[in-house]
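Pasting a structure here, questions to come.
Per-chain numbering from 1; labels A, B, C and D assigned in written order.
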């Protein structure tokens, strides 16, 4: 028997499925071999699992920073970075070296400790949130019964960190950015959580692995009317939570230079970027988990591919749509942003909850569709049209004088 | 001259469309804008004399091919004249396009460019600063009506009343002339330097302005400049 | 003033050729404009992989965009023949120096020991850190001497000296000009040749005349032996 | 229900901004190093929350006293400097200056040169409005896409300029009495090709921009002022026409040969930032029309008046004010000649500069984010503002 078989109790499981957990198991086995106390074994196991997640997502961050630039470049008919290494593959390394070697400037009026702590506090919650997401059938860094709650709880820490950064910089643009960030994040947290409620109702669990398990066999939540509606709300709110275009007001560079990051330089600045990208991974990961079936393969025949690869494939798709949106849309204004949250997203998120309830009550099927589709579609059309009418005039007239 | 009304297009009416609106002023549309001939300028002048006899507006002829003749207005009556030109319905000079400042250290030269009529008094003995306004009428589509106003001298009395209250477009242009020529526009709401920095003291567009030689040393093929730079920057000697 | 047309419609509707649209959509899908925008960017992204007019980047050191024959950069001085000193067309007349807007040309006339003008520059400097490539020097030159170069890779590590071009770097042969701007150069060459021919013809005529005079003089001298020596050939 | 909830709005665009004590306001200096001030422009804004309470523009960071330089240079020597006024559209500036000098000295321009000038000026208008569409999206936070598409097409026109004038931007092409050189062989055909293909690009840009709900939301009802205020404030160009004022110098005072072409002046209704964008798009369509006609009618003949002087040009004593419809508005040159080789006084009437007169009026009571959009919709170039 191979080491793997010994570790996982039989050849029935396909080895690559276990690959991400291999370091953890190896460390645990080694420690058990030397009669280490049980608590130390599990502690070391957690440490290694965490290290795996950190390593994976830090390299993903580096890769994404390159991919984002390449994709945006292509959208804009440019080539993107292609000088550092083959296809620009070493660009993240070059960026990293640049960021590390740059002078760290702290403004004279800054609260130096908070100024230092803010970038760290941006990264840590994103990392914590990444810890509860099930990446594969067997790859769940931390199996928490209240995983979803934990995710949202640590997510709110980001707001504090952003405000800390803005306030501690002792400067005006960061302050404006921080105030924007707080109002935006608080407003969009609501639709984010409310739209997840339907999933919790249907699953009956706050545990993320359970939510994924419930969606097996293409019973993805997004393929139900209430799920689609909730997914839409969640996706839009997640863009705002991740401070991405078109909701990137806190760092709206054409208005307030770089918002809360204006007074940062060097590695602290890089940490903000890292936090932002990790946050994007986390929120996209949660989106996949809640609505896109998590690590589930779309078709039964495709299960030969390891589940964690499925997860990352979906992650690529979700993140690409973020990039695509960034390459297309202008930024909204703060009052429009707020109005959209309170008058469109939150009512819709609230409506998905009874819709999910009705869906469960009826048990899906054609009747479920017939009842819930109008229940959701009509409010969507009405709300967005009202919103659109407020934003966009119905007609415009231009005359031509000879 | 018929005055086409720019506001008269009924844009909101759903029935109006191409070709149905009456053309307001004949086939040509409107009088093409041209510099007013001395005759019509003279009639305008006559009306000005009638309406504002105290203003002392005189005609100045432009000897060049452009033939844009101008009206010289006493600075003390400039605002009245402009208000009259703007508010009289069949004049309607509602658009102040351009404000130019000119420095005339030699007053005789000023009279070669804007020639006074026979027998009229020539410019004062001392040099002066001149402000030239180009007025247009967007409704009547005529112009430019050139107005000139001259200060008493180039020193403390270089004052001309501001036109900002009548033509908002003069706001930045008057600030610019104040900055670069040193004409004080009395009544300007916010008369500060605009292009030069606040601490700057001289008026660079005046003819007798001497540029400071406090620029950085830089090798150049021009020996004179080089020498000057070397004199100024001892480290290069 | 006549109103000749009217565009009336929902903004999400394309203006088209600017022709008058009268149809008005009562309701248009919210977000339709956003989706149209997404379609445009997606099309651009995909087409950037195979359409040359979408991906116009020229990767500079490896590839270079073709330079138009009219392209102008810094001036150069044209000389005929092989010798950049003797063949220089410039006569140091200083017209370009006077007309140069940023005053970046510096000319010193070459004189012999008697102070007589040699009609050539002793110093001809162009400070290309000041030059703004306007081409007025080439335009005003009456001697077909100064032309605009197409050379644009002029970067140097020497901030001052490297950007001050003297005669040694400015003088370029007429062949170079012909290569750079065949149209202009051949026109100039033809004109110069015609002038040269004219000059030569005039000179030949003059010489013939001188010869005839000489012969006449010789004839006269034969008759009167104490004649002065005839004037030498013109230079 | 919706209108009841409008009190959630953080923007007090509907109500007058409350006037607070100065120390309760947030004073922000936008610029001169700011991503969306279009150069080294600076505005000092006093904010109540994010609402603009006062706004003071600060100029002069790019001031080089262009007018003084021109007074010390010959008439011809100022021509390349006019390229650097509004460096997005140098050929319009060239024309405006040549126009003024021709008026001053009474110089005739031959037929072919007139057509060449119209073609170049309308191509310049295309460049300016195309780039504008990119910039305004940039000001709204969509960095890149629209701007890159705009610049991609702008490059094609700049290639044509390079073929003709020798430089992509600093053209220095117009001369008093014509143009510097004739069209190279095949140039007119290349322009025709470009003009024929440009409509497709405009369609694409319109798809990307004009229906975009976010853009609509950001630009609608922003920065509109009454017509008479705009005229009184000296606002010209697309900004004025977006408010519905039918005033285009190409029609009002047809300089060059504009009276020969069949084109229309698009007029907006409200004059908000959205109308300003649309008017520019419609103007580009009309420019294409003018270009097609000019290319069809382009006659043979001299490209410069045979008696035009290049060296030792001295206009007679007098003065002239001439203006053209530049892409950004009325671009005027006022020249005073004392008969010498240098102008006695050389004055530029820069449209970007005077269009900024009403910036504060447009921005008061709006958000900081709107200031950026309004500034973008005015379409300024600092080379011209600061001169």
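Of note:
Assume a contact is a pair of C-beta atoms (placed from the backbone, for glycine too) under 8 Å apart; a residue touches a chain by one contact, two chains touch by 3 or more.
Here the structure is a predicted model, which means the values were calculated and not measured.
Every chain gets a centre from its CA atoms, and the centre nearest the mean of all protein CA atoms is that of D. The interface holding more C-beta pairs in contact, when A-C is weighed against A-D, is A-D.
Centroid distances built from C-alpha atoms place A farthest away from chain C.
Taking each chain's centre as the average of its CA atoms, chain A and chain B sit 61 Å apart. Distance between chain centres (mean CA atoms), chain A to chain D: 43 Å. In this assembly, the C-alpha centroid of chain C lies 29 Å from the C-alpha centroid of chain D. Residue positions of chain C touching 2 or more other chains: 1-7, 10-12, 20, 30-31, 33-34, 37, 40-41, 44, 54, 56. The set of chain A residues touching two or more other chains comprises 75-78, 327-329, 388, 392-393, 396-402.
Looking at chain D, one finds that residues 145, 149, 152, 208, 212-216, 244, 246, 251, 264, 266-267, 269, 274, 278, 282 touch two or more other chains.
Chain D contributes residues 73-74, 76-81, 145, 149, 152, 155, 159, 162-167, 170, 172, 180-181, 184, 199, 203-204, 206-216, 246, 264, 266, 274, 278, 281-282, 285-286, 310-311 to its touches with chain C in the complex. The part of chain C that touches chain A in the complex is made up of residues 1-12, 20, 24, 26-27, 30-31, 33-34, 37-38, 40-42, 44-45, 48-49, 54-57, 59.
By the touch criterion stated above, chain D contacts chain B in their complex at residues 59-60, 63, 65, 67-68, 103-106, 227-229, 231-235, 244-247, 251-254, 267, 269, 315-323, 330, 332, 334, 336-338, 344-345, 347, 349, 353-354, 356-358, 386-387. For chain A in complex with chain D, the residues that touch the partner chain are 72, 75-78, 172-173, 175-176, 180, 183, 245-246, 248-249, 252-257, 327-336, 338-339, 342-343, 386, 388, 390-393, 396-402. Here chain A touches chain C in the complex through residues 71, 74-79, 82, 324-325, 327-329, 381, 384-385, 387-388, 392-402, going by the rule given at the top.
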